[in-house]
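Take a look at the structure set out below.
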Amino acid sequence: MYYMTKKLIQVKNISKQFPGVLANDKVSLDIEKGEIHAIVGENGAGKSTLMNIIYGLYEPTEGEIFFEGEPVEINSPLDAINLGIGMVHQHFMLLPSFTVAENIVLGTEPRKNRIFMDFKEAVSRTEELSKTYGLKVDPYRKVESLSVGIQQRIEILKVLYKGADILILDEPTAVLTPQEAEDLFNVIRKLVKDLGKTIIIITHKLQEVLAISDRVSVMRHGKMIGTLETKDADEQILAEMMVGREVLFEKLHKEKIPKEKVLSVKGIKARDNRDLIALDQVSFSLNAGEILGIAGVEGNGQSELVEVLTGLRKMEEGTFTVKGIEVFNKSPREIRDLGIAHVPEDRLATGLSSEATIWENMLMGIQHTEPYAIKGIHMNKKKIMERSDRLIEEFDIRTPTGDLPAGNLSGGNMQKMVIAREFSFNTPILIIAQPTRGVDVGAIEFIHSQIIEKRNKGAAILLVSADLDEIFRLSDRIITLYEGKITGEFLNGEISKKDIGLYMTGKHMDLAGRGASNE
Amino acid sequence: MNSKLFKKDLEYIVSLVLSISASLLIGALIMMANGRSPAVGYGALLKGAFGSKYNMANTFAKTVPLVLTGLATAISFRSGIFNIGGEGQLYLGAFAAAYVGITFTTLPKGIGIILAIIAGALVGGLYAFVPGLLKVKYKIDEVITTIMLNTVAVFFTSYLVNYPFATTRGKLNGTEIIADQFHLSRLIRLSTLNTSIFFMGFIALLIYYLMEKTSTGYDFKLVGQNSLFARFGGINDRRQMIIAMVLSGALCGLAGVFEVLGVHYRFLQNISPGYAWDGMLVALIVKNNPIGVIIMSIFFGALKTGSISMENATSIPSELVLVIQSIIILFIAGEAGFKEKFKEWNAGRKVKQKAGERNA
Amino acid sequence: MQEERLNKRQVKGMLKQVLNLTLIQHTIRTATPLILAALGGLLTEHAGMLNIGMEGMILLGSFFGVLGSYYFGSSLAGVVLAGLVGLVVGLIFAIFVIDLKSDEFIVGIAINIFAGGLTVFLLRSIFGVKGAFSSPDIIPLPRLNFPGISSIPFLNVILNNHSIFVYLSWIFVALIYIYLYKTPYGIWLRASGEYPEALETAGVSPKKMKYIGSIVCGILCGFAGSHLSLGYLTLFTENMSANRGFVALAAIIFGTANPIKTFAAALMFGFFDALGIRLQVVGVPSQFTQMIPYVATIVALFILTKRQLAKKKRDREGAA
Amino acid sequence: GQKETPTDGENDTSADVDEDSVEETKVALVVAGGLGDRSFYDSSHEGVEKAEEELGIEYKVYECRNDPSLFTDQLVQASEYAPIVAIVGHEFHDVAQEIAEEFPDVYYIYVDTEIEGIDNLIAISYAENEGSFLAGALAAMLTEEDSIGMVGGMDIPVIRNFEVGYKAGAEYINPEITVETIFAEDFEDPAKGKEGATALYSRGADIVFQVAGKTGEGVFEAAEEMGKYAIGVDTDQRYINPDVIVASMVKKVGLSIYDTIENIQKGEIEPGKVVYYGLEQDGVGMGYGTDDMEQFATDEMKAKLEEIKEKIVSGEIEVPEAK
């Protein structure tokens, strides 16, 4: 090469054909040394695919990659690692039954006598890294027992352990609390400034793009739409580039609805999967026509609360009443029949079957009822398909036909499918967890408007989200959960995002204490 | 929309046919290496399986236990619980039928046969209920318990027919012959094909309907695909699993019943040469599709009758047939993989071609 | 009173007849082929593949063990040949299951059918016999005697004079334990079964690990077979694997694929087999004595699980 | 031609046979298991082989490999192939009767059964208990420990018939003798046979009689390893290991099949009857191997056995029979 270049990675005309889907269509991208480069795009735009190609996980159908000006063949992650590329994947790549230290050193373990794993060394290296970057982890803990926030940290430590100079972060903040996201950004800035690393970050949160990146590239339908300097961009511009039309960040219209208590929870106590107390004396009530947001750092009992209320987890003490009917450890079937629908936090694990077709997924819960089951036995395929096709249309689920396996859908469309199904039951109560996790802006807008519409029609909605913006945007009332206990209850507008964080982390006691001492 | 799906089915059938052809070709090579003529060999095989009414009857006679145990496998595997204990359930079901047939000798024909069928299904189902319960209640792996229970059933029935229920006529390790009115009539002279094939057809239809057309079939399938999702959606996944297991056991029990009522007219110590295993294989090959089970059972039945004729007619040893059969199975199992590899290779070639065009 | 005591004495006498050192010897001998095969099978189990083709792999090992020993006049040659054949079959299993994404059940069953057919076919075409082949020219595996312990009566009976694979199997248990839990390669193998994508993104090919697991399984099953036909016995008969592959599979599941627990499970199986044969002599019908290992496995599983559940409950109540 | 009018005279039948033997008489041998057991089935095979050599017949073997779904098929195919079908295995009990009625022109020689009254079926029954009586007597004379054993394949009537005879024979010589039996419940697992025999030897027995097919191969190995002795079964098995197999209880399946084929050819048979092959008919007996083998049974012992045999034949000794 005759000229010096800042260009670290150049992707030229990369295409990737999956059976039936052209995920990348002649995509080109330049990454400069020392920059933070954001990539945005709707669900299924092909961002992850592109990154997986750079990381050697997918073989491109055509196209070339240049590294420091030289053409390279990246045939496996090992090649990428050897080029100094590290990647944090959209889905965790952690071994649940292994310890944190084992996960971090996986692939390049420190050794004793060349063949034995050196656990001590692995632990001390983990501790060292953890200190250097301020990412606290317990090296001895098994990953399966850790919260997603911690798991995200481990993923980043893994990459740093391998000494990567280029870090690809695919939606690292999707499951983080604002505070955790902020911490992560600090680490990222430090990595770039102090250590000269290069970062590629994918996110659906446009504020984050604006806050952290130097440049941003936008993808749509497998094509690269363009790259711009972040200072020249704003949310509106990016959103338009992403969806190819104007996106209106409308203020959501909330109607006043007469209050009627439909769900009241009294003194619930329950345990988590590790048999530790996850909910302790939780009591609250929910009215028709309101959205009650549950704010909390993940792992503080939100998941367990939702599971208890939907019959997926047993409670030890307490009870709740649905429109006056008392519930203690009833089955999900019985609870559904009382009029509770549920959008679960983990759509892949709980909310759908990826092997089953879309129409089969849409059928769950009403498969034994008329007119979809004639006399409760014979499936009425015609009626079932009609309903499924109607929902696909209403909820703008992007699929050629309802006869395809749900696993073929992109994450955002899967989420829309789950929401479509649960909303279609028209229950008086909806329990909605993480409705927009990993979902693109266009879809977020759509889902939010659907939730509000439900509320305006008089449904009582319990909303659990790790995304504080979402909580504040949708809720009428907010309660905070910390270590299984309710630490505060507020009407929306009563408290700032910043202050609520103190309730979510149990530091409100300090606040109260400080307040007291001030007096 | 539907043409797309049809295309997929067609593709599957084409690649299945290709796989079978490829393995038959390998079989032909093996025969040639052994100095035999594949034309003569396969000719004899085909003739043996379908050459006459009698041969066809034999082929179909072989499908009865295969279809029933195959459907049993399909139903349990589809529901996410693995019943490997079909052999044991079959033995106990067969014994139960024989017991009815030698005890209630005064019952009229119809009632007697129905009673024997119910008894066999019940006993088979109950024997499957135990591992099902252990699985659902205590999370004890059903694969290991059902394998163990197979051996237990074989030994237990062996005890029964050698001591309390041993026949007093002839040196035979079996029960007495069941009363005349329990015998299902034979359909073709010299062949063991009997009216149980109609029962089988009826049961297969019923199971097909249950699995593919009813809400309960949907429940089974979704429990098998993602039991958490099923529970979330209001299905009692544990109960469903136990029901699937019991149903599966009952079908295996029925396979045993028909061996007694239609073929041997008594319980014999080694009544099954491993029908349940063959049935499992059949179901796995067609990915637990009930219609597929029937078609594949006929194929396997034909292979079995045909290979016997081939051995007798050409002196190609039957072991060689086993070798060829295992290769056929392997190729069918690899069908999807071969297809994918071929597509990848083809795609790669196209891209290279394109690149070549660009360069030129 | 008098009578009862007599009965007790009788029972004691029976127990004495049943429980003696030969029981332990028998246990060890019966367990060895199971241990070898199960050690192989647990590797594929860790790599995420259930191998029910072990039965066929053992049978092939038995045949080729005899073939090698007979033709080369050396038991080592037999073992090597059996191991090689195991390797090839393990490789075939891997190609179909990993690369062609075939159902592992089907591939396993196909291997079993294949082995049953091929061994009989070769028996006839190579040795010209059917059913069984034995010959003084089949050189058996050596037996080991440790002079050091021959003076200690108990240990002498139990530990001395076993075929070499008996001792090797114990060493393999330790080696495989160390491999799985103390080396990076073991971690990779386990990772390849638990979450292959995680391993792949860490720069190690999970496919390679699965191949290694499958091939080593084939080799160990080949060894198990050659032990059966050259160490335990000195002959080959059709179907002589006699369901040992399935029992080994049960031992793996029972031992949760942990080499030490699987070893214990295989020993338990051997013990109940030995006990069964001895109980016949005191008058229990053979159909029931032969049932014992199988019933015992289920009962043991049940008790273990119940105990675990109870312990969990106790822990919880302790915590609360 | 099937379903012709049944022939009722011997002349007709023999005429039929003569017609066929213008070229060569064909014989089909149908076995329930498979050849290669070095005992029962192989012995029957020897019979047809001998018939091929000496009577000039042509034969084909139909193996059912212990698969009951093949019994009928193979028997039908065999009946269509040959006018004389030899059936070997008690498993055919029902099937043989059924098919024999369907093919009235075919002669069936059914070994190991006592079926009577079917015109074209000649049943051959062996007095295993009588032969085993001699084996037991010999074992009792040879043992130095006054303790002998037996390993049976399965606890089934045929095998139990060996057991009772064996025990009675041993007790005839020495009423105080210990005789223990272990059933492997498997005819194809030599390892199990070895363990069974080892258990018997270590309990004090020094001679073990094997009646267990391939499982029995393990008995011989155990004997060799423990420096003890074994008795073979069905064929003269001494050749397998002449150092430890002291003798065999021979069931002359081959001989009886050969005889019967010959008789059919000569037209000298009484159809529908059971032919007993006991000691009297020389259908069972003891085999001591060939002359070049070391003889464990001394001449006196052989003489004693001869004496016992006479007594059994004359009815002086009554040998028990298993149910």
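Odds and ends about this structure:
Order as written gives the chain letters A, B, C and D; numbering starts at 1 within each chain.
Here, contacts are C-beta pairs under 8 Å (C-beta built on N, C-alpha and C of every residue); 3 or more make two chains touch, one makes a residue touch a chain.
Keep in mind that what you see is a predicted model, and the values were worked out from it rather than measured.
Shared contact partners of chain A and chain C comprise B.
Note on chain placement: the centre of chain A and the centre of chain D lie 76 Å apart, centres being C-alpha means.
Note on chain placement: the centre of chain A and the centre of chain B lie 45 Å apart, centres being C-alpha means.
Inter-chain centre distance (chain B to chain C, centres taken as mean C-alpha positions): 28 Å. Put simply, the C-alpha centre of chain B and that of chain D have 36 angstrom between them.
Touching two or more other chains at once are residues 154-155, 185 of chain D.
Residue positions of chain A touching 2 or more other chains: none. Counting partners per residue, chain B has 155, 158, 162 as the residues that reach two or more other chains. Working note: touching chain pairs come out as A-B, A-C, B-C, B-D, C-D.
For chain D in complex with chain B, the touching residues are 60, 62-63, 65-70, 72-74, 76-77, 81, 90-91, 93-94, 99, 102, 112-115, 154-158, 161, 185, 323.
Note for the complex: chain B touches chain A at residues 1-2, 4-5, 213-219, 221-222, 225-226, 228-236, 347, 351, 354-355. Residues 55, 57, 76-78, 80-81, 87, 89, 92-98, 102-103, 106-109, 111, 115-117, 158, 162, 271, 275-276 of chain A touch chain C in their complex. On the chain C side of its complex with chain A, the touching residues are 178, 182-188, 190-191, 194-195, 197-205, 312, 315-316, 319. Residues of chain C that touch chain B in their complex: 50, 92, 96, 99-103, 105-107, 109-111, 113-114, 116-118, 120-121, 124, 243, 246, 249-250, 253-254, 285, 287-288, 290-291, 294-295, 297-298, 301-302, 305-306, 309.
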